[in-house]
Each structure stands twice: as C-alpha cells, then as structure tokens.
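One chain, chain A, links the two complexes that follow: it is found with chain B in the first and with chain C in the second.
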Partner chain A sequence: MQGHGFTAHECDCGQGCTSFEGGTFSIDAGVDGVPMHYRELNCVIRQAIERNVDRIMLRNVTGQRYIAATASKKDLYIGIHGTPGNNLGAFLDGPTLEVFGNAQDMTGNTMNSGKIVVHGNAWDVTGLSARGGKMFIKGSSGYRVGIHMKEYGQRWPSLVIGGTAKDYLGEYMAGGTIVVLGIGSKTPSPVGVSLGAGIHGGKMFIRGKVGQEQLGPGAGIAEMSAEDEKELEGLLGEFVSYFGPVLERGFSCFTKVAPLSSRPFSGKYDKTNL
Partner chain B sequence: MSGIAKKMDTKLPERFKPVIDYQSCRTCKRCVNECSFQALDFRDNRVVPIGGCVACGRCLAVCPVSCIEIRTVPSQFPPHGNWTERMRRAIYAQANSGGVLLSSCGTDVEHPVIFDDLLLDAAQVTNPSIDPLREPVETVTLLGGRPGRLQVSEGEMLRMKGCGNPLVVMDMPLMIGHVSLGSVSYNTQKAFFMAAKELNIVAGSGEGGLHHDFYQYADHICAEVASGRFGVDPQYLKGMAAVEIKIGQGAKPGHGGHLPGEKVTPLISETRMIPVGTDALSPYPHHDIYSIEDLAQLISVLKESVEYSMPVGVKIAAVHNIAAIASGVVRAGADFITIDGFKGGTGSSMRVIRDHAGMPVEVAVAVVDKRLTEEGLRNRVTVCAGGGIRCSADMIKVLALGADVAMVSTAAMVAVGCRVCQQCHRGLCSWGIATQREDLVQRLDPEVGAARIVHLFNAWNEELREVLGAMGIDSVESLVGNRDRLRYQGPNPKIAEIMGVKHVGEGWG
Partner chain C sequence: MSHANAAQPLPQPSQVYLAQRPPGLKYMMGGCGIAGCISLDGRLIAGDRIRAMLTIMEERENGLGAGYACYGLFPSRKDQYCLQFFFDDEKAKERAEGMMRFNLDILHDEKVYHHPVADLRPPYPIIWRYFANVLPKSLKSEGPKKGEEDVVIDLVMQINLEVDGAMCISSGKDMAVFKGNGFSYQMADFYDIPRYKGTMWISHSRFPTNSPAWWAGAHPLSILDWGVCHNGEITSYGVNRKLVEMSGYKCTVLTDTEVVAYIWDLLVRKHGLPIQAAAFAMAPWTYDEISRLDPESRKLATWLRFTYREAFLNGPFSILVGRSQPEVTLIALADRKKLRPMIVGQSPDGGIAYCASEECAIRLVEPDAETWATNAGSPMIAKVGKGILRTGTEHPFQGVRL
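So, the complex of A and B:
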C-alpha cells in the first residue's frame, strides 16, 4: 500500500459500511446515498481478499470504477448490486463477478481468466483484449465489443450477449468465441456493421441474419461444425443457468462468422531490400 | 512466378558488393557461413558475392585475415536531382510487388538535425566552472509524478504532508527505450535488462510482454501496455519499476504494431501470450481510448491495479499538436510522459510513415516543456524524450530543451553490434539482434552486450558531468529546461524562436 494516500480502512467510520456474516463480507458503497470513492471501495475489497474472504457482496454501487481490477483469487465471488462503473474486472484473473444490474463501459478489459455475469446490459468496449474467462450478459451491449479477444494455450475467452451488439463487434479478434442471441432484437440482424474487421482468429455465432455488407474486411460467413454446436450448446446452457429459459433450441438460426485467413495482412507488404 | 509477373519483374541493381582479396583469402568460408542474407557463396574453390548484400558487415568481422571490403556500388541510374535513385528504386519495387514498402531502424532520409544546430554554453569568469573530479556533480534522476506543490499542515511545527507519489530513482538521466521481445531477440533484451540493472536505470519492456526469465530484472523495467495488450496480466503489471501506456511510437505515429507470424516462435508466443505462428497485430488506437477522458481511465485503472506503488506514464509520438496533447495527457493523470521523436527506431514500419510523419524530438520537447510550464503542469510530471538521440551531446541538448530523461534505444543496439543496415523487418539480422532464428540469436552474448551498454552509458554520463561542470551547474536537475545554456546557429531562426532558444551571439540579458 506504499504511497496509497488512504489509510487502512478498518471500518471504524461508524456508519457500518462493512459487515461480515455467514462467510460473506458485505460492503455498502453508498451509505446514506453518499457514494464511497472508488479508491476506498477498491481498497476495502483488496483488504477483504488479503484476509482470504471468498465471498464479497457490494451494495448501493453507484458508478464506482475499476472494481476488482487485477483481482486474482481463483475461488473469489463478488456480487454487485447497483451499477458498477467503467472497467469492471479489468485484468481479472480468476474470480467470478456477478452484477445485479447494468454494467457500463470496458467491462472485463484485458481479462485473463474468471467469469463476469451481468443481469442487465454491458455497454461499449466490453471484453476488450480478453485472453480468457467467460462473460455472460443478459441484456445488450454497445459498440466496439470483443475487440482483439485472443486465445493462448488453454485459455479461450467466451462472451455471450443475450440482446444485441452494435458496430465493430469482434474487430481484430485473434481467438475466443462471441455469441449474440438477439433476444428482443427489433431488426433481423442483432449486430451492426464492420463486424469482425481484421479478424484473424476465433469465431462468432450470431442468432439471426448477417449480411455481407455487415462484414468487415477479413471476416466471412462459415459453416457450423459439430464442434461448434457442442461449444455453443455448452455456452447457451450456462447462459440459461444464470438468466433462466429464454431460448428455443436449435442451431439453424445461428450464423457463424469466422476469419477468412489467420494472416489477413500477409500479402500487404513489400520487403524489398532497397 | 507467373509469366507476366516474371516479365514485369525489374531487377534492381545491387547497392553493396563484398570484394574479396583472393591473394589473402584462406577460403575458410566463415564469411559464407555467417552471411544470413546469403550474399556470398563458395564456388569453384573461392568465395564469390552473389547479390543481396546489405552491408551488415558480419563478413568483415569474422574474416580472420581481413580480406573483405564492402564497396558501395556507384549509382547505376542516370543522375537526376529530382528523380533520385532512392525514388526510382521505390517505384520499381512497388511496380513489381504492389505492396506497401516496409523498412526498419530510424528514418535514413537526410532530414535536418536540429541537435547539430545547437551550441552549448560554458562558464567563464562571472560564473565559475566546476571540476567534476573535485566537486560533486549530481546526475541522479527521478522518474514519476510530483505533487506539484508542497502541502504543509499548520501548527507549531511545519509538517510536510506525504506527497505519496512513488518515484523511481535512477543514477543517470538515461533510460533504454521500449524494444519488444519479438522485434529483437531474447539475448538482446537480456543484455538491455542486465545493463539497466547494472547502471541502476530503467529499460522498457516493449509491447510484447515480459519473458518469465526476465522478472529478475523487474525493478529496472518499465512495463509497456500497448493496444494489443500482449502479455499484459496482473503479474506483468505488478512489481515492475513503472508502467507505461504506449499510444504512439516515433517511427510510426498513428500506427499499431505488426509482428508477422513467422516471428511468433514458441518463445515469443509464451511471452506475448498468443498462439505460435499467428500474426501479432496491435490495433492502431487503443479501442478503450478515444479521448483524453478515456486515457484518464486507463491511467487510473492501471494505478488502481498496481495499488499506487509505481508511476504510470504515457508514451506519445511527436506529432504536430504535441503540446496540447501532452497537456491533456498530464491532466489525465500521467506521472511521466514520454515523447518519441520521428527519428526513433522500429523493428518494422511502413516506410512512408517512418520517413514522413511526425516531428523532430528537439522541437517537440521544447514546445511541450513550454506549454506545460505555462499551464502550471510541468512540475507535476517527468518528461522523457527519445527518438534520434545519438550521443551525449544530443542527450545534454534534449535535457536543456526540457526533458528530464533521455531515452535511447538505437545507440544501445549499436553498442551491442547493430550496423544500422535497416533490415530488421526481414528477421535475418546477422548480429543476432533483430531476429528470432536460434542460430543467429546465439551470436550475441548478452553479458558482453550488457557490458558494452554499461560502458557506453557510463561514458555518456561522465561526459554529461563534464559538460555540467563546464557550465558551472552542479546538478542535472538545473540543466532541465535551461534553454539559456543553448544557442542556435542553424539556417532557420524561426525554429529557435519556437524552441525558446536564443540565437548564437545573443547574450543572457
């Protein structure tokens, strides 16, 4: 905590903002409607993790940013009531975060492993550069979602969006799976344009139509394999386990989007020894 | 090659030719074996040049009897002042391939060098000079944010309230720039990190993550977070000396990185955390940063991630609006800001960008320093500057123009053997620097490389102390931004005016 600026939060504020009961460490992030500063909230969360708490509940979260950034305790569960701010679970490496409400932008930024479940919407830049872990969004997401998700070794990030996603979904994708279910979508396609521009790994399953004009350079429409169906079934099963039965079964309504090449720019350059 | 392609292919004349003195040649074939560009062959019992020489000089270095000379082939093109050979070669190459020209190292275009138009001052009579052998001349440099003002609490005693800002203490105002594993070899990066530790300075990790062997040098490494987020995980962020968000690189402002799949070997795969053989593409922008406000958030989430234990900085390429951008970066919470001039190096970048985009670091630093000072921000940050710093004089001048730290990479690479042949992007570096080919990598001994960088930087630091002494300055901090110790003698006084440097002949008054 060198140079932290905040003294150790020992919950002597007299407002009872933290409590520990039945194995759950609860933090009230907005006592009397006054939001706790994000630095203080994160400091309290870190202290709870250091004390080996494995279940944390946050209440009255009102836009506090960077919650659980770099949290690395594998069996940790953090439940969040309210609306967490941007960069929820950035660099997350192991824990499960469950949001009972909406998340804002950049949720799961550069996530390494773990799980983020959002019982609501998660807006722009969700899952940027995620290298592993799973994200389940009950509602919709915004622009630039899943950009540059990538795989490495045993890690394969998955992002399931119940509603719709807007433009630039899965650009530069280098691994992992994005699923968009389009529940409640008012248009035949639940995704926007520039879909998968520069994609060179991974795949997307879009429940609904995807027109050629929606695809970015490097992206193409591919056939679903038996392996894809198996993976999709697993992800949908998990989605349903969090958010209830909202889907009729069947894979025929899905369109698979995949890279046309793993080396989209290989022919672009001239290496002549001038 | 199809028929039409063959007919279209215009063969470019050779630029360099190794000439062998057959009287002395012992036909040991060492030169043939060492030439990674395959420009030499052994035919009819003698070494013959077969084309493709890049003047890397490896053959000269390994020839036991020094019987090779690399000659620059005189231009085979009819002379023309406007349609230079360089222009015509580029046209033939692109008419053959249709591709975007790639290049590496810093730009080789003969842009004016403002450093060379600046003269240093020295003390005479009215302000005595200092002999650094007799008296201390301090070169310790701090990297990190400052509170900007001292906070004191009232009472009987004045007590300073903790400033809380983590600082990195370096023994000299020099750092080794960000050179990723991937653009250079394991042994090269190891040499850089070993040297940084020995010198007690900081070396940049580059954007390719950090190999697990190198965590032993972590307290002398600045971890770079670039748009591809390669190798960025909690371990990478925590325990380093500093973290830097890379927005831009001087050699390719506005561009991301592209490490071709051929270079993504198992070693690189492990470090970047991507599969073997896939292209490592860094998107042009960070897609979570589309504004200064977004940048502030990435800075904040990194500070939160490292629990405020180390400085978090931002590297930007020197572009025409740099002063305003730098002001925004500081306001966004950066503890240090790195300005990379357009002459900075690269392992691979598009030639059109490398040669034509950006601005010289001399002017960039001067205008940033001026702007930050005017806005009352300069004392809150450390300014690092690199991109074309070739010698201790350049380092001294860039400090006097307003940088706290000079960032050097190409010179460190030259110290370990680089001949600046500009072929890094081909991955065939015969010196084992810009290559991933195991047999070539082995040619560079990291311990020897580190020792050479230590020698170079110590020598530069000694020259800095000598110059400071000559100026009558006893601490490098007093040189930073001290434009009064510079005079301009170049062709364009407007540049001097913009930099805030007086013309040669103008006194102190």
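So, the complex of A and C:
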C-alpha cells in the first residue's frame, strides 16, 4: 500500500476486495460470488487512477457497466477477467483496456483515444460513435457495429473484428477504419446486409465476399490503394501481436467498402446544395 | 383555486419541480431484462438460479414489475389446468369461483405461497391457485366445435373482463406464473422463488415505457400454458390487437405484450404452424431480402407475410416464450433488426440452455458456458429432453416443410 495511500478496505465493502502488489492494483469485483455494484467498482477504479496507479487488474467482473468510462490517463492499463457490462470504456481517452472474456453491448461507446483489446466476442453496437483510438476483437461481433464512427481533427478510430459482424456494420460512418477478418465464418461473406448504409467517410476492409445486395445506400466497393494496404498491414500486425497468427491469405482477398460520396444525402434535406 | 366539484378536489403533487429534476428521472436509464433457462436432459432447475440470472441485470429495471414463470412444476398434477388469480377481495374471489365452477371441475385450491418482504409495501392482492379439469358438458357447443383449451381461454377472458378485482395470471397445465409490482429481487423474495424446482424458467424485470405498472400487468403475460416475457415495445399493437380480437381473444391487461402471447396461441396451437414459421410471421424479412431466398423458401415466406401480415410485430423487441404442451419448450426471439439484446448459452455438459438480455446473467450461473447471439428474427428453440433444436443462427426455414 505504500506510496499510494490506500487503506485496507477502500471500497467500503468490508471484505478487503482490493490489494496492491508489485505495481498492480487488483480489485475483486465479486467477493464470495456477490457482484459489486458498478458504481462502487467504478469509484474504486477512479480512486486508484487518482493515486497514480498505472496497472489495474479486475477479477470476477460480472456485468458491471461503464468500466473505465471517461478514464484519461494515457499510460494506464486495465485488465479485466470476467464479463464486463455494457458501455465498457465509454468516452475512453487514453488508457488500454484488455478483456479476457466476452464483452457485452456498446463497448467503446464514443471512445476518444486509447485501446480496447477483447479476447472473445463483443456483441451489438460495438464501437458506436468512436472518434479515435483502436479496438481489437478476437472473436465475433453483433448488429450495428461501428455505427457513426467519425474522424475528428487528427483522430482516426480503428476497429478490427476477427470473426464476423452482422447487419448495419458502419452505418452512417463518417471516418475511421473497420476491418472484419471473418475467421471461422460459415458463410462466404462475414458481414450482413445494409453494410455502410449512409456512409460518408472512412472505409471498411472485409476479408471475404461482399455482394452488391449487401451494400447499404451510399456505400460502394472500391479499389485498395497502396496506402490502404499499408494501413491494413499495420492493423493486422497489431491484431496478430495480441491474438497470435491467424491469417494465411494476402490482401487480395479483402474487399474495400468506401463511401460513394462525402454527402450521400445531399439535396434531400439541405436545400442550399440543390 | 376553486373547483366546481368541491367533494373531489384534483390531486395536488406534493412538491412542484421547476428547474430541479424530479426524483423519478434518475431511473431513466434502462430497458427491461429477460432471462430464461431450460433443462435439456430433464433434470430439475431450482429457482435460485433464475433469481440470480434476473437480479444481476438490476440496471435494466426500475421496480415497476417483475415476474417468473416455472414449467414442469406440478409433476403430480401435470394433466390438470392450474389457474392462478389475483383478487382484490373475497367478493371478487367468490364471483370468479362461481364462474369457474360452471365450466370446471375444481379438484384442489390453495393460497399461492407468499410472504411480506421488508421493502415491498402492502397492499398485496389475494393470490390463489386452482387445479381443475374442464367439465365435459362445457365442450358441447351449438357453434363451432370447442376444445378444452378454448373453454379455458373463454373463461379466463370472461373473468378478466367481467369480474371487478379479479385477474387471471396463468391458466396452463404444469406451469405457474409468479409476478407483481416490484423489483425482481422483491418478487423472488415475496414468492420465495428458490422453493420451486422445474424443468424450465422464464423471467422478466420491467421498465415500463408506455403502459401502466400494476400487478397483473407485470410479465410473464400468460394464456393457457403460453408465457411471454418481453423487452421492447410493440408499435403495431393496434393491428395485432385487431387480429387476436377477431379470433376471440380479449385484451385486458393494458400492455402490448399480451397480444404476443395470444398471437403465439393463435398461430401455433390453433393454426398449427411450426414454431419457426410463426416466428417468421412475427418478425418477417423484408420483401427485398425475401426475393433473394431459394424458390421454396421464397414461396413460404411470401405466403406467411400475406396470410399473417397482421401478426407482424413492428417495433423493437426481444421475447422469451414458454409453453408446456405438448412438451416443455423455450423460444427466444429478437425482432428482425435485432434492436433489443438476446444472448443464448449452453452449459459445458450440454444439460442446460440459457438465454438472457446480457451475457453476465449466463456467466454468473454458468461461468464456462458456450455463448452465442441469435440472429435478428431467428428463434432459438429448445425442448426438455430433446435439446436445442435450433440455435437461432440458421436459415429461416431450415427443417420446415409445408
């Protein structure tokens, strides 16, 4: 405890659910099988961040929401064992989160910068409205993933999904990069329909087939440039560094999906552009 | 301020909120929680498991309704109808019993076990259970031929409509519903859910958005052995209600979910549709998607959309549906755009299947479960003793033949 000023029962649960050893602050979020309330857990995490801890390990996480929401300490690492709840890392601005299990819905909601690594699946609406940072999902994802991702200033969000994604991937996307690798996919295309509906910025790289009928309004299939390959190589390299070698084939099996126009609804609502 | 009718002054709020946020609004984050589990190998599942699954998702409820339905609950009376009621007073109970005796042979009746819990304030309704057989004379009808089930449905609808202060909350064989107006943990304690063991459980914690919170309006909504737990809202309620009312069902619970229970009964029990065909009628693909199906599926899909266009449930929903006849069955279905969450899991030994709004509900009771998400509009179907017949990720009509 020295140097950080922790008392034995910081979270007030009276059961000594926290410990500080070898530079790692550990929190047991489910002592004796009783899950801690998410407000309490986030309070303990925030107290640890305030005391300048840079490595936090959470154990027995069971659906606690908003873990590390708004955390902004750049060199902070939070490891999570269990199943974090909805809105993991919402508004995250700098730290790295690593989940050893599955994440629930809305992981990385409106993330600003930082990194989220999930050694499992991350279900519906992952990465919604992200405006920066990187997300790597080893397994599959659900519906409406990466909707309204956007670039902002120098920020450019990236989302890599190892398995599959369902309908409405990258809907209303306004910037950033989504990669779907389709590992273990039982169908020729690892993505669903309405792909990139209303997209007007950013790009998607889908490993596998993408039919015209899968594309939503405003989305089109584009040629991969040298710059794209370089970016993809970097993201895949990072993916492999977390989850091990997973790919055999080269860039030729990727389909690039990009906006047909930066203003797909021009003239529909905005009379000034008629 | 003066009113013409001084004897009945308008109710005044105890405090007027101007720029200060009223206390109710701190609960605005939410969305109902649903959880279910089914024994695939026939072992009994105790109620503490479903209690744990539902209460872990406390953030999804706001204390305005919760409930549990247990199937395979009365092995010694599994061929008798179990009717459970809420009564406001003894008079309503007597009137309802009088109407029941006209059609039913009541073999046994008892108080449904419940006890006061500290933070759930009375009044509580009288909660009573009847085991009964349908009298042969009530099957005789001058109109269309009536089955036992039709007699029970007509009786339940009549009591709900005509007897003030009486509401039937479940009326099926080998099952019972335990619900009320409170948090999920309060209802579990109130009925002492862990005292029961069954082969299947479905449960619901409520966050009412557009219908009143009252004891009978909590989920599961049930008719015969059908039980429905629903997260979401049925915006097509008016059209769906027209369909079921034309078929003799009466909507009495002031909640959109009750039409879902009646539609399942109409399509599957009365019309004999396979479960996944009925699910397709409720959560159909768009015509654009249907046009890309193989010719046989396209024909079936078009036929279902034409015939059952009023069964199409529009709006976001994920539902858990249970039934005990002819065998205990669990159906988990999300709407065709999957606007509400649904996660399915199976225990490592393959003996129990789970479904819930959030994965944590499954992991809490089965840390090493295999989990997957169902596809939009694609039902997961499991039966006691038979296993998972459909994972919810298949082609819409896999295994269906006309």
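The definition used in the following text is that the second predicted complex is superposed on the first by the 254 of 274 C-alpha atoms of A that agree within 3 Å, B and C clash if a C-alpha of one lies under 4 Å from a C-alpha of the other, contacts with A are read in each partner's own complex, and residues count from 1 in each chain.
Basically, contacts are C-beta pairs under 8 Å (C-beta built on N, C-alpha and C of every residue); 3 or more make two chains touch, one makes a residue touch a chain.
No experiment lies behind these values; they were computed from the predicted model shown.
Asks: Return first, second, both or neither, reflecting whether A:65 touches chain B, chain C, both chains, or no partner chain.
Replies: A:65 contacts both chain B and chain C.
Asks: Thinking of the overlay built on chain A, is A:269 touched by chain B (first), by chain C (second), by both, or by neither?
Replies: First partner only, chain B.
Asks: After lining up the shared chain so the two structures overlap, which partner does A:104 touch, if you call chain B first and chain C second: first, second, both or neither?
Replies: second
Asks: Looking at the overlay, what does A:142 touch: chain B (first), chain C (second), both, or neither?
Replies: second
Asks: Which partner does A:86 contact after superposing on A: first (chain B), second (chain C), both, neither?
Replies: In the superposition, A:86 contacts both chain B and chain C.
Asks: Specify the partner with more touching residues on chain A, choosing between chain B and chain C.
Replies: Tallying touched residues of chain A, the top partner is B.
Asks: Applying the document's definition of touch, where does A:112 land relative to chain B and chain C: first, second, both, or neither?
Replies: Touch partner of A:112: chain B, not chain C.
Asks: If you stack the two complexes on chain A, which partner ends up touching A:193: first (chain B), second (chain C), both, or neither?
Replies: A:193 sits against chain C, while chain B stays out of touch.
Asks: Applying the touch criterion given at the start, work out whether A:244 contacts chain B, chain C, both or neither, answering first, second, both or neither.
Replies: Neither partner.
Asks: Which parts of chain A are in contact with chain B and also with chain C?
Replies: Residues 38, 65, 86, 105, 168 of chain A touch both chain B and chain C.
Asks: Residue numbers of chain A touching chain C in their complex, please.
Replies: The contact residues of chain A facing chain C are 35, 38, 62-63, 65, 82-83, 85-86, 101-102, 104-105, 121, 123-124, 142-143, 166-168, 193, 213.
Asks: Provide the residue numbers of chain B that touch chain A in the complex, in ascending order.
Replies: 12, 15, 52, 54, 86, 89-90, 93-94, 96-103, 162, 164-166, 227-229, 232-234, 237-238, 258, 260-261, 269, 273-275, 278-279, 281, 283, 287-288, 297, 300-301, 304-305, 307-309, 350, 423, 425-426
Asks: Considering the complex alone, what residue numbers of chain C touch chain A?
Replies: My answer: residues 56-57, 59, 289, 292, 337-338, 341, 343, 358-361, 363-364, 371, 373, 375-376.
Asks: For chain A, which residues are in contact with chain B within the complex?
Replies: Within the complex, chain A contacts chain B at residues 1-5, 38-39, 42, 46, 65-66, 69-70, 72, 86-87, 90-91, 93, 105-106, 109-110, 112, 125, 128-129, 131, 144, 147-148, 150-153, 155, 168, 171-172, 174-175, 198, 200-201, 262-274.
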